[in-house]
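Letters A, B, C and D mark the chains as written, and numbering starts fresh at 1 in each.
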Amino acid sequence: MMESLAVSLVNAVPALSGVPLWTMTLLVMVVVAAVVLTFALLYAGLATYVERKVAGDIQARIGPNRVGPLGLLQFLADGIKLLLKEDIIPAKADRFLFALAPYLVFIGSFAAFVVVPFGVGLIASDLNIGVYYVMAISSLVVVGVMLAGWSSNNKWALLGGMRAAAQIVSYEVPVGMALLPAVLIAGSLSLQDIVRSQGGLLGIFGWNLFHNPFTFVSFFLYYTAALAETNRTPFDIPEAESELVSGYHVEYSGIRFAFFFLAEYGDMFVVSALATACFLGGWHVPFLDAEALPVAWGNLFSLGVFLAKALGLVLLMMWIRWTLPRLRVDQLMRMSWKYLVPITFFNLLGVSLWLLVFHGKGIPRMIASLFG
Amino acid sequence: MKARAEALPTQEMLINMGPQHPSTHGVLRVILRTDGEVVVNARPDVGYLHRALEKIGERVTYAQFMPFTDRLDYLASMNCNAAWAWTVEKLAGIEVPERAEYIRVIVCELNRISSHLIAFGSFTADMGAFTPFLYAIRERERINDLFEDICGNRLTYNYVRIGGVSADLPDRFLEKTKEFLDYFEPKIPEYNKLISYNKIFVHRLANVAAISGGEAVAYGLTGPNLRGSGVSFDLRRSEPYSVYPKLDFDVCVGTGERGTVGDCFDRYMVRINEMRESVKILRQAIAQIPGGPVMAKVPRAFKPPVGEVYFRAENPRGETGIYLISDGTVNPYRLKLRAPSFVTMNIFEKVTKGLMIADIVAVIGSFDIILPEIDR
Amino acid sequence: MEPKAIFEAVKGKFGEAVVELQEEGFRPAFVVVSPESVREISLFLRDDPAMKFDSLMCLSGVDYKDRFAVAYHLHSLEIGHRIGVKAYLPREAPSLPSVDGVWPAANFQEREAFDLYGIVFPGSKDLRRILLPEDWVGYPLRKDYKYPEFYHGIKV
Amino acid sequence: MGAHRPGNAPPEGRQMSHDPAHSGPAPAVGPVSLGPEAHVMVGNADKFINWCRKSSLWYLLFATACCGIELMQTGASRYDLDRFGAVFRATPRQSDLMIVAGTITHKMAERLIRLYEQMPEPKYVISMGSCANTGGPFYKDSYCVVKGVDLLIPVDVYVPGCPPRPEALIDGILKLQKIIEQKRNFAAKA
């Protein structure tokens, strides 16, 4: 992918023809990575702002409005302040692991951005194992969180880390199983392929969400399990402020804490993006074939649509957070193993049978074919 | 399976919860011994806010102690003010004008609502739902406004005085109170819809730390905590004082509607229902309040006769008892404050055995403790 | 039951251990008992079908300058009557049996009396300082208590 | 400014960095070796950093007594401290500002000092209410109340009142922002 981009770049700009291809490829890689990272950081910053505004709105207050116009620069102030804070490593902490943990969490969360299909051609790397890659790379988060909890040498942090590990590992199972229907329908693990499989001019009825009853359920199962995987309310027990003070990052200050903070918002986006790509038609614009448009317009449209869908889901997460109370740890585990896992499993079975029986056709397509 | 569990020795963990912890409602410290997430033993360690109110009481005059009662339970200052006034009046045999008694009841019930609002709000915040807390504060601010009209302060009022109240109600106060009640009454079902019957919330509270009626009495629980265990005992009804006999209200008790009687949910619901009863009392009191003076004649150098008196009043957190010994001088000889939260903490260690860490927070919240009362 | 009747009943049962009835100026009235018999009398007051004092409202230490006292305020939810029980103690080594086996509510309040008055309650489940730090010197609510100048280097 | 207790060893795990924030007034003008452009740059950088710090005062939820309720109400619906970018954190490690809201007793004193020491630099302290300022109503007759939190930790802003009104607390925070604005970060070190 990168290579082809580099080739086309070299072809387009004759002045670059003297540069060896590998240099160009590397350059393109760096630039793409920088773009994705910039987007991710900018998004995370703005998301914190929006979260506070949403919270304010729900709670009958205003939220930040003094720092910059409408308080929009709040995240900048927070970020720079955290960057300039004293860096504390507790004396009894395991220094190396303590320092490593936030980066692991951050990488685990932001590396997943690589395969997010932002638009028709806007994907950093269209891996043919996209879904699998996201699941695998986001598991790094568990390692990081556990290390953070363990290395802090603080009992609250340890409890938080253990809770997080148990929770994320448990919910990884239903998350994966709930995503599989989309994979089955598309017949590919590549996210771009999954999005393409939901195209057609059926409008929103091309989406996997409406493919059959099982996928419909799957979406909600995925969203619920994903909420738990990102440690958001009502499943935010690893950081449960009123129980564990701040959970696994209780000892972290300054920029290291900022990494955890960013990672949380990164995670939120990744799971929302995954839900969008797998169930909500990804970057497909209803009644418009984005791929048929000129490249620039097609990308722009599809990017806008994709972000709108994904950020809408992020917003929903915020809404849920400020509305619901928190589950207890045993209830959380019970919910995963006793309810979500069996249901997702049967759901998967149902989708497979459906595909077998109806030769891969979804309900909307069947209805459409009735009317010719 | 069991054999394997034995082969793996697990260590108990000693965790220190507080005195600085977001949900210990102040500076309570709980020393937790846990086996993983399960609490083996939770021992409360109090006294981080011991401000020596009883010693101060022996060194100031009767009237001067009034501001300190504000700080005994700052969420229910009016009730504490009134309890002190009633105690001293009982000791000295002072007749208080009826209008003053009505005013006291009005401000006490308003304060009960605002105290229960904080109890409701902080409890839900402890359960992870932060939003109801802000709604509770929103309503509470309106009560604060009313009290500000009366006495100029938002939290510590020093409004009730020995022999009456410091000043008559300001203009339009009763109308404003009525407006507030009209505004507030529909909010209670709203809270219930928002959080009380939320499935997660109910699951977190039902059957957690259930206390039987007999146990509650033996451990000296009072107020909503006692009534949550199904014991219908309210001092306003059982040992009526002031003008409460003239007012009609129900005593709310726990019914075990979502679990066992006396669990955290029952204690929570008793408070929600009591707010409704307080609204009822307020409406009657506003309708009945007579005219007249608001202060009895009390000499400046007030010296009550020698004697000992124990008076108790139904405050939002339970029975606030004051044991007052007078030696005939201007200062109280001995002043014992029997604070409901302090006695309630006694049962804490017993009911938290075998719960999970998250339940500890629920139990603390459901007891609605307040630290200055525990530590005084 | 009236205080007088309660006093008579207790007096009839325990004889010498019950000293007097303090009625004039005392609300509620106090049955003054000897400190050694506090536990037995408490049990009687709790369990006797005519008494049924199931609730210990308040337990307080008092410093009467020449002697200490511990005052119990009892209440019966079932019958609805109240009584006070008081035991006078010498200033030197004040001690009387704990009643936290009778009313569990007593535990914290006994600890408080121990903390602030230095009254010892043998037989208590757990008698430690409760409000003040473990290493605090003196019993602040005693009338002859002298305020310390420093605690851990901080001026008091 | 208040001093640490004698013999108060630096806490484990934390270098005692010398912070200009608490070492009295910083020199108004930087060293002469810098040219005027450098001054402008340093000045702008300072301004920017100070702006960030003052706009993001995360306060530690340290509520011990009555003032704690006012602190909560200041953070809640009507007064909303979040407008100024001030949100509460439960752990001292992530806080910039300690609002000591309420009475500090001798039993609590050690914990207060420890919490203060756990906060990362730069850190600020607002002493809220009479009890924290001086011991308040408990000054004269109480044997166990610390008579002013400045006996334990350095205080930047005192907010009077018993308890202070939310407006007063907000004013205190705005005053603290003014103090932060005047700090020199680079100029003093250059």
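Operating definition for what follows: a residue touches a chain if its C-beta (ideal position, glycine included) is under 8 Å from a C-beta of that chain, and two chains touch if they have at least 3 such contacts.
Remember, it's a predicted structure, so these values are computed and weren't measured experimentally.
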- Using the mean of all protein Cα atoms as the middle point, what chain has its own Cα mean nearest that point? B
- Return the distance between the CA-based centres of chain B and chain D, expressed in whole Å. 32
- Item | Centre distance in Å when chain B and chain C are each reduced to the mean of their C-alpha atoms | 25
- In whole angstrom, what separates the CA-based centres of chain C and chain D? 46
- Task: Let me have the rounded angstrom distance from the C-alpha centre of chain A over to the C-alpha centre of chain C, please.
- Result: 64
- Query: Counting only residues that touch at least 2 other chains, which ones in chain B make the list?
  - Reply: 21-22, 47, 50, 52, 55, 134-135, 138, 375
- Item | Sequence positions of chain A contacting 2 or more other chains | 55, 59-61, 241, 245
- Task: Indicate the residues of chain C shared as contacts by at least two other chains.
- Result: 132-133, 140
- Item | Pairwise touch network: line, ring, star, complete, or other | other
- Note on the structure: Listing every touching pair of chains gives A-B, A-D, B-C, B-D, C-D
- Message: List the residues on chain D that touch chain A in their complex, please.
- Response: 12-14, 17, 48-49, 51-53, 55-56, 76-78, 80, 82-85, 87, 89-91, 93-94, 96, 118, 120-122
- Message: For the complex, give me every residue of chain A touching chain D.
- Response: 52, 55-56, 59-67, 71, 73-74, 76-78, 80-82, 84-93, 241, 245-246, 249-254, 257
- Complex interface listing, chain D residues touching chain B: 61-66, 68-70, 72-73, 76-78, 90, 92, 102-103, 105, 107-108, 111, 115, 137-138, 140-145, 162-163, 165
- Item | Complex contact set, residues of chain B against chain D | 19-22, 26-27, 47-52, 55-56, 59-60, 67-68, 70-71, 74-75, 118, 133-135, 137-138, 140-141, 144, 154-156, 371-372, 375
- Note on the structure: The answer for chain D against chain C in the complex is residues 5-7, 106-107, 109-110, 143-144, 146-147, 151-152
